[in-house]
Each structure stands twice: as structure tokens, then as C-alpha cells.
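Below is one structure, written out as C-alpha cells; the observations come after it.
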Amino acid sequence: MSSLLKLSQVEAHIGQFHILHDISFEVPKGEVTVLLGRNGAGKTTTLRTIMGLNPVYRGSITYNGEQITNLKPHLIANKGIGYVPEDQGVFEDLTVGENLRVAMKREDESTTERLEWILELFPDLKKFWKKPSGQLSGGQKQMLAIARAYVNENDLLLIDEPSKGLAPIVVEKVMETILQMKEKTTIVLVEQNFMMASKIGDQFYIIDDGQTVHNGLMGELREDKALMKKYLGVS
Amino acid sequence: MVLILRNMTKSNLIYLGIAALLLFLPMIITGSTKFMITQIFVFAIFAMSYDLLLGYTGIISFGHAMFFGIGAYSTAIFMDHFDSSLIALFIAILVAVLFAALVSFIVGMLTLRLKTHFYAMLTLAFAGLFLVAAEKMRWLTRGNDGFTIKAPEILRDSTTIYIISLISLVLIFFGLRRLTNSPFGRVLVAIRENEHRTESLGYNVLHYKVLVTVISGVVASLAGVLYILSLRFVNTGVFGTDLTIDVLLMTIIGGVGTLVGPIIGAALIELAHDWISGLANVHWIFERWLILYGIVYILMVIFFPLGIVGTIREKFSGRKKSKNNAKQKAS
Amino acid sequence: MDLIASLTINGLATGMLIFLLAAGLTLIFGLMSVLNFAHGGLFIWGAYTGVWIYSMSESFFLAIITAIITGLVLGLITERLIIRPVYGNHIQQILITLGFMIVLQELIKVVFGPDIKAVNAPAWLAGNFQVGEITLIKYRLFIIAVGLLVFFTIYLILKKTRIGLIVRAGVMNREMVQTLGINIRFVFMAVFMVGAALAALSGILHAPYSGSIYAEMGLEFSILAFIVVVIGGMGSFTGSLFAALLVGLAQAYMAYYFPALSLAVNMLIMVVVLVFRPQGLFKVKG
């Protein structure tokens, strides 16, 4: 299987701090790749760096075989990468519908089709179409953010901790929808909630102190208690 | 004496040496040169007070002239309305300092917990208010025409004023140097570099910022006092935006965050003033000297944000660093 | 009754002029965290170029068009030459815009001469209407009408069009907008130019209103716009209208009853807002 996204030996700084030392991983098409690791290991920074929100100091990022290292964020997005940030980044004063309209570059058939598909997946968004998104619940905001990243012709979604701050039952629901989206798009997921990660993920990479230190198939990780304890503090 | 000298760093000795030389300068120069050098001393103090804000703490004020103006008007009004005795002068200085401290405290408390822009905006607005007030309260200030004052008897000699200004400059320079090298000064620099981190390290950032604006305001008002004593004339120009631009330019040209830089900057700008006003007869464009200042200022901000002293220091330390790196690699 | 009506209309007209200046300021700030201290410079350039064309063509309409074009061009130059080179550095940005303000102001004196110029309203806007015992000055009503027209046009653009939605979204979360494939720099340049054009429009409208123009009025007037931006909430378009009208009315009434205190009163309103609601009356959510 060909890899859609490839990072090799990526280094990045934030201000004078060296946040990423050596991040290398490949994302196969059509699969869910999960980035695991402790708080502050550099997972969010990795996604931001892919998106062009953080400059790459050394190393390279390729998407679909094309160099995207240090391109401007909007150019990277236009290559077909959607991004759902950690805090969802919903435009709170805009309504649900307006949030989606900002994202939709064209209002042609395929975009409308994608919109209809995603609205079927998240019926709440249709219900609250005219409601300011600031008034949505945490789970609904998460769904709006995912839908917004999806409506354009994006073949890859970067989703940062969708379960953060949500009630278990809501997490369950978000998880189900991501599982359904898997059919249509490739996903890179940052997740602290191991239960969720292990159910959705096909393969995983562990990031520790700004480096990718371990990878494999999700199924293997569930068995390897020692590894989980070492890097994730889960037992 | 030897002990004191031994405790001095080399740079301090150099500064003191220069100051000592300047002390004897009045013997050989003419009155107008003396007056101009006195002005340089006064503006050097003013510019250093600005450096404390911009260079050390990263606070931008667009109304720093108002503190200078407070010092100037307090002195002038007391000298004018009461007798021109040393006691009246002493009270005037006290009023200037207290008033400057109060105004900078209020402006600081209002805006320093917000983004940098707020302080810049509010100081611009306050300075505008002082300017309007000075123009409207003609019974006290005689408006834009201004008025001349009588200085206390013993301060009328230009050499005396020269020496007092020089001594004030030296004292304030070493005082501020001491302050910026102290733990307090290091916190200020930490705030400039990264406000959030300083806050999360447990420092009350607002407290430090307000204190530094108060110190800066007080020093600026003292510069205003000396200005009036040397000029013996005041008008609303002391509250003007030109003056704020002047002090910004002095600080930036000389080098922010260096204290020495603003002194050099003050000298350069004052000399340039003198030179350009001489050129006004040559071509009318030189009457619009402010436009030249504005262009120089913009170019400095874009291309040499570190200023003269800062750029030299960076080159110097850059060389040192690369030497050190080479050493490390060799070993 | 006549007095109150006249003061109110005067205040609303002043408010509208401040609003035109503040609207650009607040949107530019909201979108890029750039506070343009050179905004007052665009105001005077609008006034001077407009008045120049007005004196030659005797058409006030042409004067307005000229001012708007001047604003657009100067806005483009300012964004390219002044703001962009120091993009991402707040301190440099704030410092440099004030420098440019001074250059624009002095350049006026070089090009148009340093003296105050008198300006009269065009014949079709001179004079007044008489409604009962109330006298309504035509030119002031004209300013209010133009202000309202601008407000509602921009309001509708922000509300209904995709570009408007992008601007509003950008004010809330600039980074997120970029990750949706939108070139925020381009959007910013457009907003900057429109903001500059509004400032220039404010300048030319102000000229016959005050009866004279001089180079320093840009900085003086922009202080009021800064006060408005703080009161209305930095980044809030609607907030800038309400705050501008408030400041305009306060200005007009104080100028009549306690002329010495008119600026002081507006400063006082701002101080009260800063103490009790530092984010401004209309806060923009993130």
C-alpha cells in the first residue's frame, strides 16, 4: 500500500525551544494512523508542523509524493489536508452553517455531496444549522470541526484529541463517526484516550520527547503491556 | 580609593573617565556649544527613561513627552507664580515627580494587563489630553506662546546648569544600570522575552510593569525639570508628538536595551537638529526635518532594530560565539 | 428643543466620521493584531487630495471618489511597504506605523503647503432644512446618511457573503482560517485597503464639516478613533459604530456646555470601560 503522507527526520522549534527532534512516520492511504505519547511529547506540534503552522527546521514532509515542507498553511490545506485542532477552532460567533460555508471553497456538486453525507452522519449539525456555534455542546463542536475539515476535497484529516473534555458517552459517539469516516478518507489521529485509539486505529506511532520511538500495528500494542507502561503510563 | 577602583568594571571606568573629561569641557567651549551639550545631557536622560520601557521591558509608550512636559510645566509654573528661590524649585521638583508617578501609575494600572497596543494607545491619548489642557488653560500656561521664567539666582550661570545636568546624567545612568543589572532588571527582560512564562514562574508581571513605568515616568519628568532650567522658557511643545518621536528615535538609533545607546542617540539627534535647522536657508525641504526623521526612523525599525550600540554588540558577541563554537568543536 | 436636536445631529455626524475611521482600525486589528497608528495619515491624505480635486473640478462627488482611490492606493502601499516587512513582530509593527504617520503628515505639508486650508460645502449640500422650529443642517444629515450607508453595506457583506464570513472568522481565529485553505494575507490586504479607503472617506467628509483642513488633524482625530476602538471592543465592527456615536454625542454636548472638557469626557468614558470591561462593550469571541 502506498503512503499518503510521509515525514522524515522532521525537526521543529517553537521560539528558542526545540520541540521536535526526529519525527519520522508514514501514513498509508485509507487507514487510521494514531500518534500516541505522553502530554507534551510533541504530538500536537507534529500535526501543526504538517499543517505549516510551525516551521520545519530540518527534515522533510511529503504528501502524495509531493514536497510540502514549509509551504504556507493555506497551500498545504489546498493540497487536500483537513485539520481539526485540539480546541476545535470553531468560529463561535458564526452559526453552524456559516462555519461550514467559510470552509467550502466551491459550492459544486461534489462538495454538496460531501456536505450532505457528513450532515447525515451528524444530524445535530443540520438541526442547529442557524444556531451560533458558540452555543453548541462540546461534542457538537467537535463534530462541526470534523465536518468543516471534511467538506472540501480532502483526502487526509489530521484530528487532534477529539475525545478531550468530552463525556464518555459522547466520546463513544465521536468514535463511531470517525470509524464511519474511515471509509472515505485517511486519518491521522492524536489521542490520549487509549480505549478510543485502539478501537479506531490501524497502526500507531509513539512519540516521546519529540521523537518517534516505536511503531507497529494497533493490535500488537494492546498485547504489549510493557511498552504501553513505558511510554503511555497505561497498565 | 584603590579598593573602589578595583571593584569597578572596565566599562564603568571608561564611562567615568568620559564624564570627567566632559566636566572640564566648559572651560574651552563657547556659550552656544555649552548650551547644546547641556541639551544633549537632558535628552540623554529622557531617552534612557524611554529605554527602560521599550528596551528592557518591551512596553511601547507614544506619550512619553507628557512626563517630560509635567516636569517642565511644574518647574516653570512654580518659578513663575512663586519666587524663583531654591525652595520653590525643590517643591516644584517634588510636585513634578509625584504627579508623573501618579499619572504613570494610573495609565499603567489601566492598560498594562492588556496587550501592548493598549498602553501605546492610551499614552498617545493621555499626551493628547495634556497638550489640549496646556493649550486651553491659558491663565496658567499662557498656551502655545509660552513664557520665560527666572531660574533661582545660583542656577542662572550656564556652566552651573551644564555641570548639574552632567552630574544628573551620570547619577541616573549608573542608577539605571544598577537597576537593570539587578534581579528586578532581569525579571523585566524576562517579561520582554516571554510574558506568559514569566507569569507562570510566579512573578506578578503587572506589578513589575507598573513599577517600571512609574520609574520611567519620574526620570522623564526630571529631564523635563532640567530642560526648563537650562532653557528658561516653556511652551506647549513639551507635550508634543514631535518630542515623543524624538525620544523614540534617540532610543532606537542608539540601541534599545543598552542605556548607553540612548545617550549616543540623544547626541546624534540633537546634533542633527542643529545641523538641519542651519540648512533651512539652503532648501525649504529642511524645514520639514520631521519627515527625514520619520524616514530614518522607519528604516531603522526595519533594518537595524538593534540600533548602533546593539548592532555593534551583536557583531562583537557573534564573533565571540563563533570562536567558542570553534573551540568546542576542536575539543 | 432646537438646541438639543442640533447638538444631537452634530454629535451623530461627528460620530459617523469617527466611525469611518475606527471601522477600518478595528477590523485590521481584529484580523491581524496590527494596530495601525498611521490611520490618521490616511484620513488627512483623503481630505487633502479630495479637496484638491474639489477646488479644481468643483464637484464634491469627484472629490469623494478621489479620496477613496487615494485611500485604496495608500492602503496598499502601507500594507506592502510598512506592515509586511515587520510582519509577526508586534513591537516593530507598532513603532513603525507611528513613524509612517509622521511621514504622511509631513508629506502633506511638502505637497500641499503647511497652511490651514478653508473648505466649503458644495452648493447642493449647503444650507439647512426647517422642520417646525428645528433647523437641520443639510451637510450634517448628509454625513449621517453616508455613515449609515457604509455601515449597512459592510454589515451585509460581513453577514451574507463568503468573503465577509472569512473576515469574521479570521478575526476570531486567524490560524484556523488558514488551515481551511484560505490565504489570510490576501484577505488582510483587501481589508487593509478598504479600511484605508474608509479613513480617507472620513477625511474628505470631515473637510467641509469642520470648514478647514490642516495636517495635524489626522493625529488629533485618530486619537478619538483609538478611544472608540477601545470602548467598542478591539475587532468589533458593530461595537465601533455604537462607541463612535457615543463618543460623537459626548463630544458635541460637552463642546457646547463645557468646551474645555470635551476630550477629557471621552477619555473618562474610555477609562471607565477599561476598568470595568477591558475587552470593550462588544467582545469578539475566539
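All chains are identified by letter, namely A, B and C, in their written order; residue positions are counted from 1 within each chain.
In this text, a residue touches a chain if its C-beta (ideal position, glycine included) is under 8 Å from a C-beta of that chain, and two chains touch if they have at least 3 such contacts.
As the structure is a prediction and not an experimental result, all values here were calculated from the model.
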Category of the chain touch graph - line, ring, star, complete, other: line
Chain occupying the most central position, where position means C-alpha average: C
Relative to subunit C, chain with the most remote C-alpha centre: A
Two chains sharing the most contacts, counting C-beta pairs only: B-C
Whole-Å separation of chain centres (CA-atom averages), subunit B against subunit C: 33
Between subunit B and subunit A, distance of the C-alpha-averaged centres to the nearest whole Å: 52
Centre distance in Å when subunit A and subunit C are each reduced to the mean of their C-alpha atoms: 42
Complex contacts: residues of subunit C adjacent to subunit A: 162, 165-166, 168-169, 172-173, 175-184, 284-286
Subunit C contact footprint on subunit B (complex, rising order): 54, 58, 60, 62, 110-111, 113-118, 120-122, 124-126, 128-129, 132-133, 136-137, 241, 245, 248, 252, 285, 288, 290-291, 293-295, 297-298, 301-302, 305
Of subunit C, residues touching subunit B in the complex: 29, 33, 35, 37, 82, 85-86, 90-92, 94-96, 98-100, 102-103, 105-107, 109-110, 219-220, 223, 226-227, 229-230, 234, 260, 263-264, 267, 270-271, 274-275, 278
Touching residues (chain side subunit A, partner subunit C) in the complex: 51-53, 72-74, 77-78, 82-83, 85, 89, 91-94, 98-99, 101-105, 134, 148, 152
